[in-house]
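The two complexes that follow have chain A in common; it is paired with chain B in the first and with chain C in the second.
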Partner chain A sequence: MAETATAAPKRSSSWRQFKAILRKDIVMELRTKEMLSSMTLYTLLTLVIYQIALSQSGSGFDIRLIAAGLVWLAFVFTSMLGLNRSLVHEKDQGCLEALLLAPVDRPVIFFAKAVGNLIFLLIVEVVTVPIFAVAFMSGRPIAGPFWMLVLSAFVGSLGIAGVGTFLATMAVNARGGSFILSVLFIPLMYPALLAAVAGSSAVVLGGEGYAATFWQAVGMGAGIDAIMLLAVFALYEFVVGA
Partner chain B sequence: MPEGGSSTYAVEIEGLVRAFGARKALDGVSLTLPAGAFLSIFGPNGAGKTTLLRVLTTLTNPSKGTARIAGLDVVKDAVELRDRIGLISHNPLLYPDLSAQENLEFFAEMYGVEDPAARVHDLLTAVELDHRRLDLVRTFSRGMLQRLSIARALLHRPEVLFLDEPYSGLDPHAADILDSLIASVRAEHTFVMVSHDLAKGLELCTHALILAKGRVVLFEPRENIDPDAFAATYRSTVGMGVA
Partner chain C sequence: MAMDRNRLTFAAVVVGGLLTTVAFVLAFFVAAPVLANNTLTAGGGALIGGKLITNPVLFSQKIFFFHVPVAITSFVIFFFTAFYGVRFLMTKDKRFDTKARIATEITLVFVALTMITGDIWTRYEWGTWWVWEPRLTTYFIMMMLVIVYFVLRASIEDEERRAVYASAFGILAFLDAPLSFAITRIVPSGAHPVVLRAGGGLDAVQLGGFLIGLAGMLCFGYAIYQLRIREETAKERLEVLKASLEG
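== the complex of A and B ==
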């Protein structure tokens, strides 16, 4: 095996490394379906629990009043389950160390993992929302346009994926790690979730000035996402490294 | 000095300290190792061997002191340095749910290896895993994992190879294969190996280091070492406890 150690190796670009990590995560997830299957199943079970909880609410109860809150509640608990798993396979057989040994800037690892988690979360949402609509909202259509709901879901999910990936990295490197994610995730996500629920509720319920309420909520959510992602970006090297 | 990084010394360590709270896992380690050498590091459990390896491979920052590998500082030039080093551990550092070929292709992308397809094929052939290239790594035996791990570590043609107890858990046949693989690339790399196996470590090395309580007990070129005296010194450190 003739080898020649090079004097000045050519580094891979951050974009190429980002794509490689993201592609690897997607290929592994499609192969194992570890995150997607557990997250989807957990969400569906949550909907069953909603069905039981709302079974005595009577025919006059307008589910739309709490629909957005219920859906986001399901997404939050589901994402906690999935995000906990997202970094665990990196820990198997020391893969995270192998990744950290590569000449890659740590934020590239963060963004690739976060985008992967965002994709998986959005897939679960695409499955869950129609089922929720059929099971709970038959005959009660949403007031606003559907794309507004999609935008609101995207902004909320972006925050969940970003902060969740950061906390999952902390968790995988710490003793009693899953506890970190469970305890810190909701307090950190609280303002972003409030904005997501407010935006989604405005679209579902409609009424006078709902568009203004929606844009205010989505703007606030996007702003909170940006602040949190910048903070996470700055701290990731410390969390994942020494 | 990230731009050049060339040095007659592959490893230069000066007053290296790594503390975890009040406990010093490394306590003032200093040494220099010429390029092309093979350093075997010995010491009892908790002596600081793995911590030293983690600092030298940029996985852990030192608390004090400096370390340069291939002329690059392990803290200031960490990203550039990672291009110049490889690690073979008792842990394979491979993704179990990717095939052998997918694992190497992934790391080839991370390191920016030129002509990755040809490089991956050459390495899989060299470690005699070409016939299993499409199989998931989780189906591999310990010996096969270690061979693939060697291919991963050599993928980007590193100048310095770090080995953390690479023979751990290998059966004699797999250990023989590892021996021949190391021998085949020995001339082109500097090696730093952590080992508990005195005979194997002394057989391979050009320099030997004994650590205890995070300090250097002995660091000598192989030609100055009497194996019996060395073994006695090593045994005496085992009773010294951890750092």
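== the complex of A and C ==
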């Protein structure tokens, strides 16, 4: 009886701490609009680069063959920008140290930061995909149902936000922060990104047995997410305090 | 204890040298050609990827006796990066970080050897230097992770923090190794041959030569690792002595 009485408030306070940190990030973003605006702008400029890259491809070129890969590329670039920012803020203003001094469990900090980054990334994705569709797909429909695309985007983004938050925490304390983040992030995320592109591409392209390919890719992506997230969750405690 | 280890290291060099030499002699003068993805047919051809190949089996397959042991050794040593990473995080003992770093260094040496021998074979057998094939890709990623490990270390000044970050990253990076190792079994459509498997068709001499080569390479890996550790320990002791003289 006494045990449950002490256990119950602790659990609720973890949840409250989580909400408090997440709310802090969201409120700050709503006031400054710094991360979302810079991430969206960066994605738009990435699309401009795509236009340059594809400018000589001619009208016969079917963009759908590489569409999923291009969109994921934009997500990867912009998420590295956002992830770096989200931790640089904490570092510059001494907020991370204050959080560590406060009686907050380290995993709670990780979850709150990762969920915040996931939310921002998903918002950017929601803005980017229609713009990409209008600018590049020129009326070509995607073969599979839309919810499949959403699912594969979510599975991929989950891994990006989780592992990315972990790596960004290391990168802000290293010399050449954003460079370090990208060199750590890309090879480590390779399997997850490959699964994400495979899943999304199957939906865009369709064709025989695309659903099987899709589920295989999404299943693999989810499996990789689970392994990676468990690993970074276990390691975060060491890294954030170091 | 230290004396024993020195003798063991010396023994590992000698045994490694002997075993790899024996393996090479077996590979080049005794063992029959190794047919990758093979099912021997009566006509002397081989089924490769479901197609009957009747070309004479190329001499280039002899690289199997070098390339595969080196690659397996790279996986084995990379495991110690993660292992000592975990040990470091558990104990915060600096020696484990040094061990993890040296293990990663040796991994890089063996990864480089694997890449070079693999590429020579690929150029000869497949006619191109590189294909983005599952095994090659995941192994390439593993090489990148090993290189990035040192980039990360170089970018952090604080010693304790460097050790913690490197340990954490080493553990995460090692997650790619089992994937790379197993990928030819997961994605059998890849071009990379899978010789070592049930019913893979290695005869006793081929298998013996391969295993001797593998044992030799593991001995070499161990010996280089121990020698580097010795060098590092001596260096650290020198620093301590220097500090005490200045002190």
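One rule holds in what follows: the second predicted complex is superposed on the first by the 227 of 242 C-alpha atoms of A that agree within 3 Å, B and C clash if a C-alpha of one lies under 4 Å from a C-alpha of the other, contacts with A are read in each partner's own complex, and residues count from 1 in each chain.
Throughout what follows, a residue touches a chain if its C-beta (ideal position, glycine included) is under 8 Å from a C-beta of that chain, and two chains touch if they have at least 3 such contacts.
Note that this is a predicted model, so its numbers are computed, not measured.
Q: Just to be sure I read the superposition right, which of the two partners does A:Leu101 touch: chain B = first, chain C = second, or both, or neither?
A: In the superposed model, A:Leu101 contacts chain B only, not chain C.
Q: Just chain B (first), just chain C (second), both, or neither: which does A:Val232 touch?
A: Second partner only, chain C.
Q: May I ask you to decide whether A:Val134 touches chain B, chain C, both, or neither, giving the answer as first, second, both or neither?
A: Neither partner.
Q: Based on the superposed arrangement, let me know which partner A:Met170 touches: chain B (first), chain C (second), both, or neither?
A: Second partner only, chain C.
Q: Per the contact definition in the header, classify A:Pro191: touching chain B only (first), chain C only (second), both, or neither.
A: In the superposition, A:Pro191 contacts chain C only.
Q: Of the two partners chain B and chain C, which one touches more residues belonging to chain A?
A: When the residues of chain A touched by each partner are counted, B comes out ahead.
Q: Tell me the contact category for A:Ile52 with respect to chain B and chain C: first, second, both or neither.
A: Neither partner.
Q: Quick one: classify A:Ile180 as touching chain B (first), chain C (second), both or neither.
A: In the superposition, A:Ile180 touches chain C alone.
Q: Applying the touch criterion given at the start, work out whether A:Val27 contacts chain B, chain C, both or neither, answering first, second, both or neither.
A: first
Q: Once the two structures are superposed, pull the chain A residues common to the chain B and chain C interfaces.
A: Residues 242 of chain A touch both chain B and chain C.
Q: Could you list, by residue number, the parts of chain B that touch chain A in their complex?
A: My answer: residues 5-6, 57-61, 79-80, 82-87, 89, 91-98, 102, 106-107, 109-112, 114, 122-123, 126, 145, 152, 154, 156-159, 181, 184-185, 188-189.
Q: Which residues of chain A touch chain B once you look at their complex with the stated criterion?
A: Chain A reaches chain B through residues 1-13, 16-17, 19-21, 24, 27-28, 31-32, 89, 92-95, 97-105, 241-242.
Q: So in the complex, the part of chain A that touches chain C is made up of which residues?
A: 163, 170, 173-176, 180, 183-184, 186-188, 190-191, 227-228, 231-232, 235, 238-239, 242
Q: Would you mind writing out the residues of chain C in touch with chain A in their complex?
A: Listed in rising order, the residues are 89, 138, 141, 144-145, 148, 151-152, 155-158, 160-161, 164-165, 167-169, 171-173, 175-176, 179.
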